[in-house]
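First the structure, then my questions, so here it is.
Naming follows writing order (A, B and C), and every chain is counted from residue 1.
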Amino acid sequence: MKNTPSVEQQLEIYHRMLLVRHLEESLGALHKEGRTRGPIHRCDGQEAVGVAATAVLEAGDKVATTHRGHAVYIGKGMAMRPVVAEILGRATGACGGRAGHMLIADAEKGVIGGNAIVGAGIPAAAGMALSMQILGTGNVAMCVFGDGAAQTGICHEAMNMAGLWKLPVVFVLEHNQFGLTVPSDVQSPVENLSIRAAGYAMPAEIVDGNDAVAVYRAVSAMVERARRGEGPGMVECKTYRIEGFSTSDMGGYQKPEDIANWKARDPLQISRTALLGEVGEAQLARIEAAAKAEVAEAFDTALSDPMPEFSIDEACNPYSEAH
Amino acid sequence: MAMMRYAEALNAALREEMQADPSVFLFGEDIGRYGGVFKVTKGLMEEFGQTRVRDTPISEQALAAMAVTAAMTGTRPVLEIMYADFVPLTLDALVNQASIYNYIWNGQVKMPFVLRTQGGGGAGAGAQHSKALDSMLAHIPGIKVVAPSTPADAKGMLKAAIRDDQPVVFLEHKLLYNTRGEVPEGDVTVPLGKAATVRAGSDISVFATSKMVIEALKAADLLAADGVSAEIIDLRSLRPLDVSAIIASISKTHHAVAVNEGWRFCGYAAELSATIMDHAFDELDAPVARVTLPDMPIPYSEPLETAMLPSAEKIRAAALKTLK
Amino acid sequence: MATHPISIDSAGGEYMEAVLVLAWAVNSGDPVKAGDLVVTVETAKAATEIEADRDGWLAEIFFAEGQEAPVGAVLGTIADEKPVSGQATPVAPAATPAASHLPGPADAPSRTNQPGSRVIASPLARRLAATAGLDLSAISGSGPKGRIKKRDIDATLAALEDGHRIAVRPGPASDGLRAPAVSAPARQAAPVVLIHGFGADRSVWRQVVPLLEPGIETISLDLPGHGTEAARPAASIEEIAFNLSDRLEDMGVEDAHLVGHSVGGAAALALARLGRLAVRSVTLLAPGGLGPEINAGFIAGLARVTTVRALEQWLTVMVGDPSALPDGYAQAALRQIEKTGNRSALAAMAESLFPDGTQGFDLVGALAELAVPARLVWGRLDRVIPVAHAARAPGFVAVHLLDGIGHVPQMEAPALTARLIAETVRSAG
């Protein structure tokens, strides 16, 4: 089928999804021990969206994501250790411990960046695309955003301009059914939010967000269009938020049977099943062991890394001289 | 030197910077075909094309947010927000986005964008088109806020703002666009963060920006007739603030009037007053006076609006009271 | 009853904050004759004896034995008539009792602070009062709600001054300080003639002169309108040059090394251009005459200054690092200005020398015409005359730009200044 990722690509996607899953589970365990700081927004069960969508991108392409962006950070090529160290507030973190897990960026990798103002990633990606269009770089910007962000006013403004100016941007809607505790059907009159793309003269496709290959194919088509200068596109990835809004979430509002149903359709399992016939058990087991070891090592190192030291940022000095 | 209107000086700055640097682009409402509601961008779309000079939908919130990331990815956007009163629509982009990334991302990105806007009263534009709002903007760390009062500074500072790697909010004033002044020819920039003593005096220091500098200069004439020698400092930049210039002037006059066209409560004049106390308390021979807008909306009808706005006469009265 | 102050200024050439009163040689009420020892004080170096400058009676003693007195303070007074018995009694620190019975300015709403009540005073007034040793509770505030403002402190200090107006005769009829004193015909080498800047006097060289080599003879001249020449102001740089030339001629000086500071530098160039004196070398410290700019506020301020605090502020502008100024310098300098007592003449002179805040003379040509060794010394932090003027010096002039130094290298860097003067002199052979 057109735009199907190669086996090697699928293996790398599977590897990165494994990394993200281990990251989320390790953070969950550390949180229970009281060794994390602040809320952490896990993406267990949603890894296929962030990882497979960004797997389409080239090095010079850029992505903006949400407060739940771990899969995008790793998917777009950031190494595990600086991500873990940043989440643990260490000096060795990707942003020196200044950003925290919601706002991680790695400009060289094109991760610009996590964003914890719901909806803000949408104009962020549009702005990057505007820059790419003006400079004629041939690159593409991507926004991974949620069904909550789709209800913001700025989503409309940004998508309208993206459509109007044919900006090279792809909007990947990670539809995980909830905005904090409120289900999507209490926030929107339509079930399939991507029907709105028509209002911005954008093509849209709805895919199973837990199927990495399906996500990859659909996003790939939109990225190609955008790179050709034909304007933005949208991919609505249907998925489900297994682990609650954040580590501070008390739960109780998600139906147990929904959680069970979606867990049965775990994206890791779907990818594993698809790959088993292609590469065999032994290779998958190797990848799985390697991913587990990589994350464990990243945590071991980061936990003993130094904490950052505070200093005043002179660029923020309200006076034109030091006073 | 050439005699220019303030709006023409801005236009010249934009043209020169666009000619010199292909990464500079302009966007905003009505700025292209129409040349801007205040004609600041007149002729630029014709010269530079629709890719680099864009008319936009009425989408201030997203425009500002797009300016932030466009600036982080290789361009130098200059966004025009037609009225300062609309800047609150852009506040997420300024407060939660632009102001944080240089620091939060540990210096990974630069953010060379300029948000041009114009504020201030006196034109009968009513409560939603007359505010200054400079205090609110100057509150935000990581963003520079400048407000030149002369055509020469308008040009030189806009050029400097476009070349600055930090976000700059560039505040113009609707009643300054038609003022005229000598503007140096060629590539002359005026540094951001340097005040100018526009009139030397010995009895009292008056600190102001933008159109309030014009009022302060008129006040200085009135005060001269009262036998008072007022020193007028055009701060030019609200943030970063040239605190050395303030201390130097206060150390000479020992009396100060802080003038700001915004609201009084939590306003820029209050910041100036606190800054003076922080750095030059022992030079003060009287409390710092503030001349500001009263803390209420700006009404439409002329006598109502005029009664609200800071003026030369109000500055004079404040100065005389301070010198008692 | 007319009284005349007994005071000590500059404490024998040492800039000090205070002197210690060792012993009064006369009791109050006793008669004194001009030249009699009145009081002995201890300065930094030695005991200094102060003699009566007139016949009369020791009327008041303001600083008792064992008390410290600020330099420039009035230690006591000599009356023309015999004081009424019991009238003069030693009193504690001068300022406070004098201040306590001063009326506030008549035309302002005023309130004398009641003992024990909180004193309302501006931060500046508090600082000025603390510096001058004034008790705020004894001062009437003329500001809103009786707030004491700077003007009240100024008025108090001025009233104190008026109470003890000084009429000190110039010392032995000398036209210049000459060290060592050598009679004109016997002189072997050309002397170094030192010319001070606007608002100063020849004492500005006091730190540099002892640092010059012993063989170098110096003559420190007061500019017209300044110091001992206070009564004879001049209106132009040419007039100054003629005046200096006349006086040097009278002293038998035919050839000299010129050292000039600021306006004195301009005067040195004008003197050289005049051609009546054989100039052997020229050392210019932050000289005038090399460009139009000058800090007009500084000149005007210096000409009208009436308080130690105000003078201190202008002196801060004058130097690169205010802490480099000797303690008590402003007080001593102000005392000097007060003694001279020709403020309006000085202001008029400033106006004619610097019309519209501009240097009214151009001596770039005079500098270019010099055929002798010339040296230019300028502090990079000069806020009175821009150091950029140094760039106008022609190629043969040695230019020294000093880091961290303001307008007065001879005070801020006396050793270096002395060395550079000596080297210029030596280079003339």
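Note that contacts are C-beta pairs under 8 Å (C-beta built on N, C-alpha and C of every residue); 3 or more make two chains touch, one makes a residue touch a chain.
A quick note: this is a predicted structure, and the numbers were derived from the prediction, not measured.
Novice: May I ask which two chains are joined by the most contacting C-beta pairs?
Specialist: Summing C-beta contacts for every pairing gives the maximum at A-B.
Novice: Centre of all protein Cα atoms: which chain's centre is nearest to it?
Specialist: B
Novice: Using Cα averages as centroids, what's the distance between chain A and chain C in whole Å?
Specialist: 75
Novice: From the mean C-alpha coordinate of chain A to that of chain B, what's the distance rounded to whole Å?
Specialist: Taking the average C-alpha coordinate of chain A and of chain B, the gap between them is 39 Å.
Novice: Distance between chain B and chain C based on Cα centroids, please, to the nearest Å.
Specialist: Once rounded, the distance between the two centres reads 46 Å.
Novice: List the residues on chain C that touch chain B in their complex, please.
Specialist: 122-127, 143-144, 147, 149-150, 297, 313
Novice: Enumerate the contact residues on chain B facing chain C in the complex.
Specialist: 200, 202, 251-252, 254, 281-286, 324
Novice: Which stretch or stretches of chain B touch chain A in the complex?
Specialist: Residues 23, 25, 51-52, 54, 56-57, 59, 61-63, 65-75, 77, 92-93, 96-97, 100-106, 108-109, 138, 141-142, 166, 192-194, 237, 239-244, 279 of chain B touch chain A in their complex.
Novice: In the complex of these two chains, what residues of chain A are touching chain B?
Specialist: Residues 62, 64, 95-96, 98-99, 103, 105-108, 112-113, 115, 117, 120, 122-128, 130-135, 137, 153-154, 157-158, 160-161, 164-165, 313, 315-321, 323.
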